């Protein structure tokens, strides 16, 4: 069991969602945030950095949005469905755009292949919460 | 001129928006992020903290979302309209919800009054970008 | 293998550290950031929220610092040892303080027990990088 | 009066510092975080992006650390001097390193000149809190 799942189990109230799906989505957000930060950094180190400008921006935006989404999903007290839905939609838009951008470099750069996989895995998790 | 406006002026390309409106929106995001963090902290110090639980969560979510929005709006290279639009919508949802929650405590708590003002000012700026 | 480890493997250069220790430290930072955000949220939902004010602030600070530390550790291009060292020290101070605070509530609140464990595990990982 | 100053005025307790110096430091952190994010983005758009790799990483690290510092300084409830001191030291290290790096490109790139100024102004504010 992940710590995110443990924390949902110890929450003194109703988490208001399937706790397993929620814990998986939170973990996937954190994973994707880190992968995107690392992919931006790896792109920056490539000889072909000038061709990876859009990828670096997509990575940076997606990292920020995923980190915020993980935090919003982790807060169950005073839960607001409208805010949560809008954040999940922003996260899906960022993961879609970043995943597509990274996938277009996946044959050239292994870090982009792993990052595309991370974005797409998070996308599939978001539909479960 | 704010530093956000100075930075947009020195950008080596087209910022793709009215630079003044964009600089004002970025500044309002930062302002709102800080005000929300400070309001959560002030609510936490109140005797009536138990009545301010939802307010604290709205503040924390709105702070995270505004900080992310400021960062996304600050990145002009490889600009993606879909990601930007989704982030602006999440920011508007957070400011609407947090502004309404804070406004409901504004007569009791001056920090909630100032925070509601900050959320609503940002909301009006977001429609300009 | 975690995705943080995969990303370090695909980095086009020398990561400048033991990659396994670095990947473990990054993963522990993300884990601790999430656990702290969740612990602040669980504390906020407790009947005894007024007794948990300091804990909520420690959690919020530790979450922000751990998330920043994960990002700084993930960036290997243009690595700066002075900045990294200072960030690791801030992370250690936050984990020490938050771990001690949470440990003092661990018998009453299971979420504080899990959070103390997460802070202390990260502390032990930080000494490896 | 900035909103950060207004929020400190409405805090239901003693903020434990000179409120004016604290509000100025918080505002300078936010300013520097945004300037650094914008400088990373402007560097990324330059033809000479390959020469600005270190600058982009310094900017990204400094932005994250300044945003975290603004949040930690904004939290007065359950204030912990050890955590605050360590965070201020990390912020000073980041601003020193980023300011020096940006200053070395200031004659070539106006955004780096403005960013160096922002880092150094924050450095001078940090010594007041």
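So that you can tell them apart, the chains are marked A, B, C and D in the order they are listed, and the count of residues begins at 1 in each.
Rule of thumb we're sticking to: a contact is a pair of C-beta atoms (placed from the backbone, for glycine too) under 8 Å apart; a residue touches a chain by one contact, two chains touch by 3 or more.
This structure is a prediction, so every number in the text was calculated from the model and none was measured.
In terms of C-beta pairs in contact, the better-connected of the chain pairs A-D and B-D is B-D.
Think of chain B turning onto chain C: fitted on CA atoms, that turn is 180 degrees, to the nearest 5. Each chain gets a centre from the mean of its Cα atoms; the one farthest from the centre of chain B is C. We define each chain's centre as the mean of its Cα atoms; on that basis chain A and chain D are separated by 26 Å. Each chain gets a centre from the mean of its Cα atoms; for chain B and chain D, those two points are 18 Å apart. In chain D, the positions touching at least two other chains are 41, 44-45, 53, 56-57, 60, 67, 71, 75, 77-78. If touching chains are joined by edges, the resulting network of the protein chains shown connects every chain directly with every other. Within the complex formed with chain A, the residues of chain C that make contact are 3-4, 6-8, 10-13, 26, 30-31, 33-35, 37-39, 41-42, 44-46, 63, 67, 70-71, 74-78, 109-111, 114-115, 118. Every residue of chain A that touches chain D in the complex is listed here, in rising order: 40-41, 44-45, 47, 49-50, 53, 56-57, 60. On the side of chain A, the complex with chain B involves touching residues 53-58, 60-61, 64-65, 67-68, 71-72, 75, 77-80, 82-83, 85-87, 89-90, 92-94, 96-97.
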